[in-house]
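Here chain A shows up in two complexes: once beside chain B, once beside chain C.
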Partner chain A sequence: MLPGSADLAAIWLTLKLASLTTVILLIVGTPIALWLSRTRSWLKGPIGAVVALPLVLPPTVIGFYLLLLLGPNGAMGQLTQSLGLGTLTFSFTGLVIGSVLYSLPFVVQPLQNAFAAIGPRPLEVAATLRAGPWDTFFSVILPLARPGFITGAILGFAHTVGEFGVVLMIGGNIPEKTRVVSTQIYNHVESMEYAQAHWLAGAMLVFSFVVLLALYSSGKARSAWSGA
Partner chain B sequence: MSVRIEARLKVNYAEFALDVDLDLPGRGVTALYGHSGSGKTTCLRCIAGLEKAADGYIRVNGEVWQDSANHVFLPPHKRPLGYVFQEASLFPHLDVEGNLRFGLKRIAEGDRRITLQQATSLLGIDHLLSRAPDKLSGGERQRVGIARALLTSPRLLLMDEPLAALDAQRKSEILPYLERLHDELDIPLIYVSHAQDEVARLADHLVLLSDGKALASGPIGETLARLDLPLAMGDDAGVVIEGSVLAYDAAYQLITVQLPRSQLSIRVSHSALAPGKPLRFKVQARDVSLSLQPDAQSSILNRLPVTVIEEIAADNTAHVLVRLDADGSPLLARITRYSRDQLQLAAGQRLWAQIKSVALLA
Partner chain C sequence: MRAVSNRFTLTSLAIAFVALSSGTAFADEVQVAVAANFTAPIQAIATDFEKDTGHTLVASFGATGQFYTQIKNGAPFEVFLAADDTTPAKLESENETVKGSRFTYAVGTLALWSAKDGYVDDKGQVLKDGKFEHLSIANPKAAPYGLAATQTLDKLGLTEATKSKIVEGQSIAQAYQFVQTGNAELGFVALSQVFKDGKLTGGSAWIVPANLHEPIKQDAVILNKGKDNAAAKALMDYLKGPKAAAIIKSYGYQL
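On to the complex of A and B.
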């Protein structure tokens, strides 16, 4: 049996979620990575560890705390309610917030490695050539860290596409709102629709392989990820 | 507007302290000379603002760049300076022209005093414009780095051992370009180096740094000839004299160089040079011997009447260093203690200095 409209909706939602998450992560992750790569503050260790937490925590743990935080009794939930926005749990916005946290290390770490590899010298050179800090960021740091940005974007996107636990915990399984490919596969399996599950699971497998193949075939991007 | 560079800097790091009070001429080449760890690079980085001296006052030709007493600190990108690093540090994502234009395009057109064309021909890099930095030799990279700094039309040029990373051949490839800068541009240059030959060749003013302190600061000829400085120790001790070409003897291919403000001259083998051309040469202390008579029965070409000023112990007990005056120009002689006793040297004594070899520095 071919994939139905619910499957296509899930694929569309997944792509939308991953794209939005990646864009937000590149914007949010850049200053964090820049700070982590330059600072000598004692906070570097703790902040670095917090950023890396999603690498080791079960997604359900992140999802659980987010549920409490964003829910009607959580601090964020109280805030959004007082602003008349309702609660963000079981909404697409909530999913985006969860995904950003969940995929944060996959973007921050390649960027941090790329920034660290640049070293202080090009920035000093730029300063002696009259470039101010913002000018230096756009004319020197950004082009030199490009492999890191490519790696970070690919990994952030792919990792978001592959998330399941966090989505289930804070997004639930609402069609066209929070139902992404991974949860749709789960639905199919629960309802014994193995043919449909095959379609989606196979597509995910091929997608993931292609992404990783692209990543590992590009020497520059790979070195930014491994920090070599 | 005073044409001077004042820098009072105090830096206190855990393992290193710098405490200098420099008053440098606002034109020509000033060398910050010293061993590694003497603080010369820290000095330069503080002047550039790349490091912030905890307690500092920097004024360049009338403009205050730092005054910590009044919380003034101009960030490096707001200081009209050019900086040449030890490694050329070209931007790898830009080709040579992109590197050169990086600084140039950030200077308002009205403030530009040198064109891309002028800079590239001054440093002989016209043919390299479209090359990537990693396709250049070390010497070419450094020349691009110098041109890139010049193109910001700096009011002060700072160079941190620009030749240290190069082999002898590349060094001799770049030195003539640095001399051209010195001769053709009116930009004061502070040049950090631990190589005495570079300093002797380029510098007009010498600051001797040791352990974060300035032991001496003065015109190069005077400073190199001072016996109270560690410069006089070691094999390299000698003086630098800036004379001018007097005549050329085509038959023997010798030029006669007149000592400054003096009737004395020396002769040295060289191709023809125009009379009047200033020429810098170095006489090493170990190449100067002393004699009581103008002994003409010898192959030594240059004999000058000199007066003994003072003598000090050399770096080993068999030798002494003697400071001499040759009609206004300082000379150093490194002789054995035995010879000193034979000649019965005393301050004010007049005798003859025989100069075994003279090194032209240009």
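On to the complex of A and C.
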């Protein structure tokens, strides 16, 4: 049985969501990871803990708080409404916000490990050569932390593809807007459409395996993830 | 001295054994899968049922379609209180139930509800005016109240007009939650979720006339796992009795 147009739409939406989330996370995650890898501030512990929270929190907790926060009575909902954007629940933008929070540690932690692994020496050398902070970042830090960026991007993307609970709680199952592969599989199972469920679930299994295979076959990327 | 204490131990063991075995003979536990719309009524019924019979009722709540899949895959439920009559009938034809145990325990009422006072008028005109962003319904493929909602929209000729505004919860409980938190201005819910003792518990609602959708006949059935459980049988009898009937009606169901 071949996938229907609803399944293809769900796959396309999932790829779009994961790509956008990964790009945002690389941009937002880099300064956070850089700060966490360098700072001696007492805030390092608390901020690091907040970043790691999505690793241990059930998605239902994130979904529940987002539902209240983004809703018309929540702080974010009030803000977006006053900006004329309406509320963000049941929208693609809402899912992107949820996914960025949900996948944050999967990008920040590999980056943080990669930055820490560079050590102070290359930066001192750059400074003696009168390189400015931007020049140092692009000419020294970025190339040396490349494995961390690759690992972070792969993990952030894959983890967003595997997101389910948050989408279920704030998405509203809208075709082409919030119905992603994981929730579409759930729909098929609930509706007893096992053939379609098998097709999508099998595709997810293969995809996840290939991603992890790529990750574990690349020695550099792996060491950035495990922090070795 | 030792003989005395041994005898004492034996006696207390015997007493404990008798107490335990009589306990299982007269007071059993029954595992019930309950359609989400019936959450509040079954909790009220369970209190009386446990007091009157000494049995214990353990309830799980969810969408009927979801329970079907779980039951087919060996879930430990002994009684199933579904939100429709087709799912229990299907299980019966697949030999998953105790023959002759199936009966209609309630007929559900669909309501268009908003958490805001005065938002929904008593004719449902608000649906036709279409001045809302989101209309919440339960997944029509998995939840009978969701199906009744789409049938109602069809009958009113509003399927196309509301298509882009519909948001789906996986069960009627989630459809209610979207409206309750204000994320959807209004939604089709089970009357039992917003109704108690003859009046709304909050917000505003239109009770959808029964001729706009197929009747939501909710059937109960004893599953194979509950075949030899006295508590399962007792619960079915209790649901047919006057005490349960009064509670069921107080939540806006028909009988």
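Convention: the second predicted complex is superposed on the first by the 228 of 228 C-alpha atoms of A that agree within 3 Å, B and C clash if a C-alpha of one lies under 4 Å from a C-alpha of the other, contacts with A are read in each partner's own complex, and residues count from 1 in each chain.
Heads up, the rule we're going with is that a contact is a pair of C-beta atoms (placed from the backbone, for glycine too) under 8 Å apart; a residue touches a chain by one contact, two chains touch by 3 or more.
Just so we're clear, the structure is a prediction, and the values are computed from it rather than from any experiment.
Annotation for the three-chain superposition on chain A: chain B and chain C fit side by side.
Applying the stated contact rule after C-alpha superposition, one finds that A:Leu144 touches chain B and leaves chain C untouched. Of the two partner chains placed by the overlay, only chain B lies in contact with A:Gly132; chain C stays clear of it. Of the two partner chains placed by superposition, A:Phe92 touches none, neither chain B nor chain C.
The partner that reaches more residues of chain A, of the two candidates chain B and chain C, is C.
Angle at the C-alpha centre of chain A formed with the centres of chain B and chain C, after superposition on chain A: 150°, rounded to the nearest 10. In the superposition on chain A, A:Met192 makes contact with chain C only, while chain B stays out of contact range. By the touch criterion stated above, A:Tyr65 is placed in contact with neither chain B nor chain C.
In the superposed pair of complexes, A:Phe207 makes contact with neither chain B nor chain C.
No C-alpha atom of chain B lies closer than 51 Å to any C-alpha atom of chain C in the overlay. Those residues of chain A that touch chain B in the complex are listed here as 121-122, 124-132, 135, 139-140, 143-144. Chain contact summary for the complex, chain C toward chain A: residues 63, 65-66, 68-69, 133-134, 136, 139, 141-142, 166-170, 174, 177-178, 181-184. Within the complex formed with chain A, the chain B residues making contact are 48-50, 75-78, 81-83, 85, 87, 89, 91-93, 102-103, 106-107, 148-149, 152.
Residues of chain A that touch chain C in their complex: 67-68, 70-73, 86-87, 89-90, 168-170, 172-174, 186-187, 189-192.
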